[in-house]
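First chain written, first letter: the chains are A, B, C, D and E, and each begins at residue 1.
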Amino acid sequence: MSAASTTQRIRRIPTITKPALIGIEIAVPVALIALWWFASAESADPFFPPLSAIAQRFQELWLFDHLVSDVLPSLGNLLAGFVIGGACGIALGAVLGTFRLARWLFAPVIDFWRAIPPVALVPIVVSLLGFGNETRILTIAIAALFPTLISTIDGMRSVDPQLRDVSQIYRLGARERLFDVRLPAASPRIASGLQVSLQVSFIVMIASEMLGSSNGIGAMTLLAQQSFATADMWAGIVLLGIVGYATNLVFTLIRDRVLRWYVRSQQLGKAM
Amino acid sequence: MTSQNTPASDAGVQPRLSVRGLGKSYGSGPSTTRIIEDLTFDVAAGEIVCIVGPSGVGKTTLLKCLTGLQPVSSGAAYIDGVPIQGPPEEMALVFQEYTRSLMPWLTVRKNVALPLKHLRLSARERDERVDEAITAVGLEHAVDSFPWELSGGMQQRVAIARSLAYRPEVLVMDEPFASVDAQTRFELEDLCLRIRDRFSMTIVVVTHDIDEAVYLSDRVVVLGSRPAVVTEVLDVDLPSPRDQIATRALPAFATMRSEILSHIREGKIPTATIRTQQKRRRRGR
Amino acid sequence: SAGGPDSADEDGTTTVTVAAVGIMSDVTLDIATEQGFFAEEGIEIEISQVAAPPAGLAALQGGQVDIAFSPGVVFANARAQDIPVVIVAGASGFPADVPPGPELDLYDDTGVYVDPSSGFTSLADLEGATIAVNARKANLEATASQALRNAGVDLSTIEWVALDFTSMIESLTSGQVDAAVPVNPFTLQAEEAGMERIASPAPEFFGDGASSFWLTSSQIAEEKSEVVTSFQAAIHKANAYANEHLDESIAAGVEIAGLDVAVEDAGKIYWPLEVTQQDVEVIGDNLVELDFLDAPVDMTDVILPGA
Amino acid sequence: MRPLRLVSGMAGFAFAILAWQLIAAGPMAGSALPTATATFAELFSLLPTPEFWADVGSTVLVALGGFAAALVTGVVIGIAVATSPLTMHATRAILEFLKPIPPIVLLPLVVLVLGPTTDMGLFLVFYGCALPIIMQTASGVFDVDPVTIATARSFSMGRFEVLWRIVLPSAMSYIGTAVRITVPASLIIAVVAGLLGGGPGLGNSLLRAQLSGSQTQLFAYVIALGVLGLLFQAVSEETERRVLHWHPSFRKEAV
Amino acid sequence: MTSQNTPASDAGVQPRLSVRGLGKSYGSGPSTTRIIEDLTFDVAAGEIVCIVGPSGVGKTTLLKCLTGLQPVSSGAAYIDGVPIQGPPEEMALVFQEYTRSLMPWLTVRKNVALPLKHLRLSARERDERVDEAITAVGLEHAVDSFPWELSGGMQQRVAIARSLAYRPEVLVMDEPFASVDAQTRFELEDLCLRIRDRFSMTIVVVTHDIDEAVYLSDRVVVLGSRPAVVTEVLDVDLPSPRDQIATRALPAFATMRSEILSHIREGKIPTATIRTQQKRRRRGR
């Protein structure tokens, strides 16, 4: 050890400044887009049209022709489904995370249910609810439920036993135990479950638009795909990506605000 | 098991807390480890009792049984003659692992106020209690900080303030002053004596500081051996009110001190016994 | 990938991969295998089931399969988007020797169904109706649209909804849609549920001749012309055989598609022996007329010689 | 405790099946929902056929294969993203962009490149599972106790060693959550890949049942899938219990 | 800032560790809190230095800067004249938050062996070191237990054993004996002295026990005021080798002791100052 030269023995973790990082975050996609642009410029493959063609279709379709008629309804469904699914996931997770017997009773049925491909259930849901927006929202909500549910259960179960003891000692009521101790303690995990739910909601939003009247980002993209309008399909994919990115950004901002205590306490020790 | 007589039968006056033949094991089946063999002692109302004993003997375990956080394996602990089966309303515990017993998402003030929520106090009384407790431990300047922004000793004092604000009838503390400096420690010890008088609290403290045990308490329970038994219960006959300088200067203080030390030594677990008694099965993998 | 199409076995047999969708018209693949028509041509086929024809066409472009099944409308859509696919042979169609009418309608495995209690009795009643099809802008919507327009219905008043076939029948019986356009065997289910067929739009749309095809990509047609020709020859033999042994073929088709119906209820099928320029042009023209396509489709050189 | 758990799980099932039977035979008679009895009868007639088991085999293979690849890649990327600001910022745009794009939209492109084959199924499962695993792993890495990290650093552990010995075990509980979220998803995606994109397996059988309009058969396959899902889940839970025996959620409760 | 002269320029012989004008603030922007103002002191090779001071003064913060875990805000700390920017290879730290510094997924033995992994020792030497360290802290019977099955004091001893097994050239400990009983504490103090002699380690200890500070150290650094400054550096002139009974009985011991106590009092932060200096912005909510 002592033989180590003085320059070597001190570990220096190179620090990159914040502006540089943001620069990189912008530069990477720009570089990829440029690469895509030039690599596809001469493309004659009907499935991989030149990016210029995609951009043109993007502008024609989405700016802002179908914005109100298709983008907003899709996002409305997404939001409604995600909120319902997420809220139910947290509520159900809180119950199953608290009562072991409830968990034992329902967890297997839930696990069973989760492995069922939605295609099989579509006719039943349609016969119960029709094929309007309710069905779409319901399917999104169901899909969004599970990641949050599981994360909430896991989060509640990983609460430091010490905190459980504290709430017993001070005889916190059931409500306080739940809302003042266990849920806040589990909140980082719930947030990460919600994030997965958000992603799943997106996916199901598109799948749900395979049914019923053909409006929405997903329906248009799928239709373009089925009728070989590949530039339109790519434009749809690009839009989905952009909207997804923006949605996630909003989610992250809200989460970091709500969990400020957590983010700050975690970042502390990792300074440098 | 045979020593299980109800506490009331013991003496004319009923003790506040009483421990009768209490035994405790962790684990189940072949991996059971006996931690506490058979403890019997009483704590009268308004008394301060200190529990001392070597590290790992089972003091924390005893407190957990006493506060109903852990079920006992044999015997029982009683509060006012009623067997303790879950945390009794009138009791509070300051945990040894203070860092982990604070809610990281609450500020100091909110941490202290947390147990008061369900007491149906008026907002004014609640604020008053919280402020008073926080001032008593000297943390007025940090009320809006989060626990992870505090030093170890400050966190420990938040945990103490939380239990003070709750104003339990029986206060149980597990090495509550381990991380504070000597000066603050003196102040907190005196605070303990003061609140005992003011609210006629019954206080049980686990400590490693023999001086502290003598200074604070009316009785000292020395635990030893493994599994734990009561090595000795010593009455502390020092005049009240106590004073950090005067009391500690008394010859009786020094006598008490060395007597306890010798009892601890005598109860100390010889390493050889430990080895055979605690042959741990491998687990995990 | 699937079977290395170029790789001939020691005995000179070449494997051809075919994307099929698992419906009754696919039965000729099995007939050709069973009757040894493929073997006679020195090929052997490997079937890849795909859920929807567009996926088969994509696989064709990617060189993942050599031959793919496609309904006429999907083919026309693909051509309209300059996807270089060409017709190897006909896969199903309508016979020229049966005059239009109820008898020809038996060859239509689709139909427009309504609930008799709803009061709809003809296509003309469906003005402003909600109609279920399995996919938007595909075969069923195109054929039904044309039939509706011919019946004097203003197409802009129709609301089309996409539903899978099971949901379609459910929605029709529960009144959530006014009409549905299922295909066999869901046509039978609809009838079982008391629904009524008010039109058989396909023969009118396609006219006689081929209405669905076996396709390959221009590239494969060029690079593996021998294999493609062999496939073409074998399918022709199988089509002819199937037409001659109709009941036997339908029975086999019922089995392949895993249907639970009697052969006499399964309707009829016609396997075209050739594909004419007329067959494909009519599809393109109809789609343009219906505004499904913006511009006329260039159908020159889309049929391989001998198809 | 385990027998009690088993019994209550069974009770839950019995209750669910009973409810199903009552609904299917009562208010929803004649609808797309077959009765439980008919479905189980159909399932038992499927069980002895070798085709059924071949389908199960290939579906499980695709699901597990894709999942395993996603797990390894997801954990590695998740750790990289959460520990290195450089990686995080460099990949964020791409990952966030990919997240909302579902497998069904990509399907024709994947079919174009890979064909209606097992490889395609594997890829789609991989694609569908990797992103949730990345997200959960990254959260888990962020959740590592700063004191633990500081401890490791104070002993001059190298970056890689800290990752391997401290960060990974700490994040294990989150990874376990991710596994439980994605394992059934892998099964569904494997089936949907077979259903929409071709390739052998239960998806194909499901497609045939759907095309032939036999809801009873469709539901028999659905039950089979559900049971497979339960098995996957049980295995992953047991593995988790062993790996995370030290974690507060699995510590043996003191009696 | 002006006091920043490189450590070598100070004296002929280079100190092992030196702190020069070190300052540290937490937070950034308007919510910055200055914790350490301007510390300057040296630790020579082979010395034991104790740091004492009131709770919350910044001792832990100082140690974090010294071990390179936290970046300094001004000034610098040097090891052998090289500025410390990340944890130096030859240094180890025993954390005040010992519970959280143990890996819950590793047994005691594996926790102790953890930092040795990258030292490329032979398996035999590694096992030897681990066994020796575990025996030294008296935990032979608990090698296969997990940290959360241990008492507080035992956990603390595991953390100590881990740093001993690592055999750093410079050992930094933050209240290492806070949770162990008096007897064990004595033993661990003597262990400290022993290993210093055996491996010629340099040891820096934060402690609240003034007796311990005097008994252990060659020098005592008293921190006080807020933001923290060095109130006094006292040389401890007690004979070596030290002995728990004999040394503590020396009159010089008592003198030292009261001198330090008075320095601490003098450096103690008057609550009023705190209030104005640390007017905390509301945050969280």
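Quick note on the criterion: a contact is a pair of C-beta atoms (placed from the backbone, for glycine too) under 8 Å apart; a residue touches a chain by one contact, two chains touch by 3 or more.
Keep in mind that what you see is a predicted model, and the values were worked out from it rather than measured.
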Touching both subunit A and subunit E (chains): B, D
Of all other chains, the one whose Cα centre sits farthest from subunit B: C
Rotation, 0 to 180 degrees and nearest 5, that superposes subunit B on copy subunit E via CA atoms: 180
Chain pair with more C-beta contacts, A-B versus A-D: A-D
Most distant chain from subunit E, judged by the mean position of its C-alpha atoms: C
Where subunit D and subunit E are represented by their mean Cα positions, the distance between them in whole Å: 48
Mean-CA-position distance for subunit D and subunit C (Å): 36
Subunit A-subunit C separation of Cα centroids, rounded to whole Å: 39
Subunit A, residues touching no fewer than two other chains: 11, 13, 47, 119, 123, 127, 160, 210, 225, 261, 265, 268-269
Subunit D residues counted as touching two or more neighbouring chains: 31-32, 108-109, 112, 145, 147, 150, 156, 195, 210, 215, 246-247, 251
Residues of subunit E whose C-beta touches two or more other chains: 69, 86-89, 97, 100, 146, 284
Residues on subunit E engaged by subunit D in the complex (per definition of touch): 64, 67, 69, 86-89, 91-93, 95, 97, 100-101, 103-105, 114-115, 117-118, 146, 148, 166
Touch list for subunit B against partner subunit E, complex: 26, 52-61, 96-97, 99-100, 107, 138, 140-146, 149-154, 157, 174-175, 178-185, 208-210, 261, 264-265, 268, 271, 274-275, 278, 280-284
Of subunit C, residues touching subunit D in the complex: 1-2, 19, 22-23, 48-52, 54-56, 58-59, 61-62, 64-65, 164-167, 170, 185-186, 188-189, 257-260
Sites on subunit A touched by subunit B in the complex: 160, 162-163, 165-166, 168-173, 176, 180-181, 184-185, 187, 261-262, 264-265, 268
Footprint of subunit A on subunit C - complex, ascending: 52, 54, 57-58, 61-62, 77-78, 80-84, 135-138, 159-164, 166-167, 170-171, 174, 176
